[in-house]
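Okay, so chain A shows up in both of these, paired with chain B first and chain C after.
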Partner chain A sequence: MMIKKAETLRQRQDRRFINKETQTSAKYLRRLKELSGAPDGMEPFYDTLERIYVDMDYAKSGAYHHTVGTYCVMTPPELIYAAGAMPVKLCSGNYTAFSVGDDIAPRDACPLVKAVAGFKQTGLMPVYEDCSLMIVPITCDCKKKIAGMLSDRCEVVTLHIPAARNDEDIEEFTRQLYSLMERLENVTGNQITYESLSYAFRMVGYAQYELSEFIRLKKQMPYLIRGSHAMAILNAASYMTAGDWGKALHRVNESLKTRIDGRKTVTSKKLPRILLTGSPIVFPNVKIPLLIEENGGIVAGDETCMGERGMWDPAVITDNSFDGMMNALANRALRPCPCPTFADNSQRIYRIKQLIKENQIQGVIYHVLRGCLVYDFEYRRIEDELGKLGIPVIRLESDYNEEDIEQLRIRIEAFIELIKLKQEPEKITAVRKSF
Partner chain B sequence: MDKRTKQDSFDKEYNDSLNKLYRENAGLTGFRWFLDTAHRWAYSRDEHDVVILGTAVPEELVMAAGAEPFWFIGGSLGSIQWSDELVPRDTDPVSRSVLGYINRPGSNYHDPLFIVPLTNDSMRKTAYILKSEGRKICLVDIPPDRNDKYAAQKYAKQMKDMCSAVSAHTGVKVTRDSIISSMKRVSMARAVLRDFLDVSRGRTDIITDSARLFVQNSYYMTDSVDEWTYHVAELTREIGYYTARSVRTGKSRPRVMLCGSPVLFPNYKIPFLIRDVGLEIAGSVDHTAMKTQMIYKRKMLRGSRDRLIETISAQWLEYDSSPSYIRNDILYDNILTAVQSREIDGAVCHILKGQIEYDFELERIESMLSEYGIPVFRLETDYQYQDVEQLRIRMEAFSEMLVQIRVRRVKRVS
Partner chain C sequence: MRSKKRIIITVLVCIGIGLLAYFAWLFPFYVFETNDFDTSIEKLLSFDYLKTLVPLFIMIGLSAAGIIMIVLLRRMLAKSDKKFSRFADVRTSRARGKAPKQKPAAFMVIRWIVMIVSAILLIWGGLIFGMGISSLSIPVLSCPWNTEEMTNSSCYYLSHLNELFELPIGNILLFFISTLGFIFVLGRVICGFLCPVGLIQDIMDKLRKKTNTEGIKMNEKMYGAITPVKWFILLIFIGLCFAGGNFCNFCPAVAVSPILAGMSTSLYVSGFLMVLVLMGSFFKRRAFCMVCPLGTIMGFFHKISLFRVKKDCQSCTECGACYEACPMGIKMIYTERDKADVTHSNCIMCGECVRCCPEDNALSMTFAGKKIYTSSRKKIMSGYEEVRNYYDDKKG
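Take a look at the complex of A and B:
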């Protein structure tokens, strides 16, 4: 009798978890859809996010019988595709899973890791449960410890991310990729061949080409797309195959090109252009970009690892052999990466300065997830560097809940007002069609 | 806070801890040398060739390259004041303290080589800060997965690189003989420390638990490892003499094991508090105490220079219980051994705010100890002294609970 009662309680808890999780995700998806100025062709991305988070369905695509969970940007998707599996990025932004993970992980652990722990604990999220293997690059203390926790529940491979990026480190990382290749082959039962890896390179390369085109169009002045919509597109990439995502992005790019021809822009007003950097923004935790754009700013640049940085750098093959391709993957994973896991991360400053110049950024919002110490450490240096350029910076610390939204809104509003005060008064030069 | 006030609070913390240790152990003449060593270290402005941050680096290799290691291992609230503006709010107090010591006014640490083991995020970013300030650094990237078949190879490579960097800095070549000599020196020091801990265990009437911890910590404050070894041996002899000639006095207190974040001098509020509430520390299980297991046997002192470095690396990879690893199995195993070999009534798991690696391990440790019926007290704190009274109340309640468990056990047996 007692057992039956306990089961009922568990079932009730599960139902409440599912209800809450789907409601929150649906709400943020609706807010994204309601935001004006979305280009044509957004449906596949919205549908993907809805399928994963609202319908709680699998990410698996027809051709792939296995999915491999990945964290961080250092895991090369090409290897996973070459093994006949589909990579699914499992870094989570879910508030409901976070509240479950809060009871498992230490209080000061970052919310992203707590959300992952929460999903794994409930066993209710198909994208997590369906993974044949999880690849965890050790980029911070939380990832290091969550790898241990996850290994109790599923098969896990860890990648040791070196602190530096010299030739020896790349060589060592290449060796790790060979070990990873063996594990992937064992899990999927498919051998990674020269042909399958070349095909995977082409598939990911196509998606990267479309992304570079998208970024080029996104830089256009006046704006053709809002940053929140761009983030939805980039977040959806976690649960789509590179091929499908590339094709869907191609449609969006075509739509943006039509906007240039038709002189259509997101708004006729001159909105303060903001760069978002720091801890990753993962769906459904898109409250910060939404707050920026709902309060009269525009997210013109995104330096976070779930954003443009995640797929931007293509693997450059200088040697057409199999080893050459593996070496290209290792180089791509480490050399251009401005992740704060590296002891010397000066190139992140150059990258931010580059984004500021290219996107004519007027202000930087530095997002720090509570407990994400590595990003917090770099804030001081970035603030100093941007101070020299006269670019205002604001540090926004947030957690995976909605309690701080009003406080964030006030700070973001004030920041946007500050930029507007500095901005020259608008001149209406030509009539533009806005949405 | 002005410069003078900061220095005053630094002085006060050191003097308070040193005075209390002296008062509690005034009868031990051999103990005074350790107090003098700590005092001298705290006010030392000497230049050093090589500075090691933390305890997770084999000092034997630094010594083999002709440098007497100088450590910054944290432990001081006073030093945190000099790093407050350099690090984020949530940084752990150990890293803050380390950075504070480096930036202490009047310190002269622009020339040395800083060896930074990347045990956690704070150390990783501390290295970035030091490099940005133009200081010479040598990173030791510890492989996080001990089960990785290449872990030993990776660790050995890091050690070889570190040797080369220290050697290039000091201008002294690392030879087979110099490594053997330093291995013997540290083995002797560790063996002597192990004897000291064995002889002094359970004799709080002769030497207090805090003093035992302090002797252990003083290794990182000495200018000469050999001198330290000699004095520990002398102190052990003195304690042995008293032990042989006196029966233990005072009432039997519940015995607790101290684990988790290492307790570092001068911030001894936890060991002082444990004594105040009527508990006894049966042993501390942290990575400073566990070095006593890394003693090189005669057969290990064979082979070429590279072979010896590999031997040292293998030993460290096996016994290092710093938070660098995905699973801190060695810490877990040592707690298990301590529980099985000693009579322990409870465990105090000390978690310094921001050191989440230890907090992640807590669940595992708790479930293991619950199998032995040992209650665990999770004590989260930082280097501030404001929470002492709050901790005292909680600790008193824990102490009372342990006494009640003892009483019940005795009743059951009788």
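Take a look at the complex of A and C:
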């Protein structure tokens, strides 16, 4: 009798979890779809997000019999494709899983990790349950501990991320990639050969080329696409193979190009252009870009690791031997990465300045997930640097719930008004020439 | 403690090189009974030419054997030692398939054509076109013992300064004016475009890339360790003539140009060094250029040369691809964030950094302020057009 009751309790909890999870995901997906100005060809991305979060389906497709979960941008997808598995980014933005994980993880852990812990606890999310292996780069303390927690449900490989990016660090990371390669081979049963690795380079390179085209089109003035839609596209990349994603993105690029010819833009109004940076924004936690764009701003640039930045840098093969390709992967994973886990991260400031110049940014929103210390540390320096350029910055701290939405809305509204006030008397928003 | 050890090793290596250079003439590598410096086009076409080429064949054979031995040794180690597993033959020996490769840029094609043409001119130019401009001196490591080269090489008088000042004043002036003129207009473009030793090394590198063999990856520490050796070789280059030695017995370039021009030349340590250069440049691109004394001298003038490498620091993402690609290991090119001019004294203007840079306009080569070669993402990605999945392909 007791056992039966316990079972029903668990079942009820599970049902409630699934209901809540699908409802919130469907709601944010609907809000994304309702936002005006989406280009043609967005369907594959919406469908993917819907399949994963609303229908709660598996991610794998085609010839891939295994999926490998990855966490940060340092994991090279090429290696996983070469082993015949499909990489899936598991960084989570799920509110429902967060509320479960809140009880497991310590109070000050970041919501992203709490959400991952929540999914692990419930064991209901197929994308997580399906993984044959999880690769966790240790970019912060929370990631380190979650790697330990995940390891009793699934095989886990940790990648040690060095504090600097010197030659020795790159070499050490290359060695780690070699041992990761062995683990991948054991899991999938396929051997990574020169041929399969170069195929994987082509596949990911193609997707990256389409991404760079997309970003080039996105930079056009006036805007051809909204930042929230771009974020949906980039978030969908986590659950699609690089080939499929590249093809779908190619169609979006084509439709953006016809928009240039037809002089069609997202809006005729001059919207304040905002750069979003800081902690990752993962679907369905897209409340901040949505709030910006629903309140009359436009997310013109994003410097977050689930966004433009994560896939921007290609692995450049400078030496076409097998070892040369592995070096290229290690080099790409560490050197261009503006993740605040590195001790000296001044290149992130340059990257932000570059985005400000290219996208003619008028204001920067610095997003910090509560408990995300490394990003919070860098806020002060970026505020100082941007202060010198006269660009307003605000720090928005948010959590994975909907309770802070009204508070965020007020702050974002005020920020956008501030920018509008600044731009009105001048009437011009000329390109910034130099810093 | 560690640095002390390093200093001792460096000093010992330098002393070793010094002694070897001084007593080089005592260790013959290949000796003809008489050095026959006569050559003509008829000789090049006759059977005798093969006889003069014998030392060259020996050198090629020795370096091929050396390279194969190193590769095999590495594979043997890979089986027993995990540390070497990155060279494990299972992955590389059956290296079918091609790594994505970008379409050749016009700059690179021109560079190869210029290198080959200049090598031909510097070796057989005198025989074909006459000796019209042979009194001009180019600072290039093409052996002046080959009396048939189109122009003179500055390296002879730079390494025989005592002889230079015994020349008539007109010749001294001509030497300095032509050498400095070439350095001013071309700078180290001479290394990247004109030098025949550079061409040989680039061919070795191409061979390695064709066979997909793993190279030796140099890091900052190794480049740092080589720098004092480079300075010491420069010292030998200039100073040996005053101590009664002769740098030419030690110079690897002696082993190539005169022999190819049909002169039977005895080789001393130089021939042995050429084998090392061939082997070294197979595993590390332009290995000799790192210690080349003539290049070091040209590097002094890198600030006034008309060819420059420019960087748009705003577009750089510090991905380090340029540093990985650079055969000379110039790190400053990717860490620099203020200055637009990133021409380094070690830069040989090979354009590899521009070729590998994935950011539009981030790196460019300029001549007198005009851009001649610019980086572009589209070019980088031109090799990645295939979308197919390997495992789909295998099934179907």
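FYI, the second predicted complex is superposed on the first by the 423 of 435 C-alpha atoms of A that agree within 3 Å, B and C clash if a C-alpha of one lies under 4 Å from a C-alpha of the other, contacts with A are read in each partner's own complex, and residues count from 1 in each chain.
Methods note: a residue touches a chain if its C-beta (ideal position, glycine included) is under 8 Å from a C-beta of that chain, and two chains touch if they have at least 3 such contacts.
Quantities reported herein were computed from a predicted structural model and do not represent experimental measurements.
Trainee: When the two structures are superposed on chain A, do chain B and chain C clash or fit side by side?
Mentor: Because the two structures are overlaid on the shared chain, the partners are seen to fit without clashing.
Trainee: Chain A residues in contact: does chain B have more, or chain C?
Mentor: C
Trainee: Give one of first, second, both or neither to describe whether A:344 is in contact with chain B, with chain C, with both, or with none.
Mentor: Once the two structures are laid over each other on A, A:344 reaches chain B alone.
Trainee: Per the contact definition in the header, classify A:158: touching chain B only (first), chain C only (second), both, or neither.
Mentor: first
Trainee: Just to be sure I read the superposition right, which of the two partners does A:323 touch: chain B = first, chain C = second, or both, or neither?
Mentor: The second partner, chain C, only.
Trainee: Can A:62 be said to touch chain B (first), chain C (second), both, or neither?
Mentor: Touch partner of A:62: chain C, not chain B.
Trainee: Please indicate which partner A:261 is in contact with in the superposed arrangement: first for chain B, second for chain C, both, or neither.
Mentor: Neither partner.
Trainee: Report the closest approach of chain B and chain C over their C-alpha atoms in the superposed model, as a whole number of Å.
Mentor: Minimum C-alpha separation, chain B to chain C: 5 Å.
Trainee: Do chain B and chain C touch any of the same residues on chain A, and if so, which?
Mentor: 175, 346.
Trainee: Would you tell me which residues of chain C are touching chain A in their complex?
Mentor: Residues 85-87, 90-92, 94-101, 208-209, 212-215, 217, 219-221, 313-321, 324-325, 334, 337, 352, 356, 358, 377-378, 380-381, 383-395.
Trainee: If you look only at chain A, which of its residues touch chain C in the complex?
Mentor: Result: residues 62-64, 81-82, 84, 165-168, 171, 174-175, 178, 190-196, 198-203, 205-206, 208-209, 212, 241, 243, 246-247, 312-314, 316-328, 331-332, 335-336, 346-347, 350-351, 353-354, 357 of chain A touch chain C.
Trainee: Under the touch definition given earlier, write down the residues of chain B that touch chain A in their complex.
Mentor: It is residues 86-91, 116, 118, 120-122, 124-125, 127-129, 131-132, 139, 141, 143-145, 148-150, 154, 323, 325-327, 353-354, 356-357, 359-360, 362-363 of chain B that touch chain A.
Trainee: Mind listing the chain A positions that touch chain B in their complex?
Mentor: Per the stated touch rule, the residues are 104-109, 138, 140-142, 144-145, 147-149, 151, 158, 160, 162-164, 172, 175, 179, 340-341, 343-346, 370-371, 373-374, 376-381.
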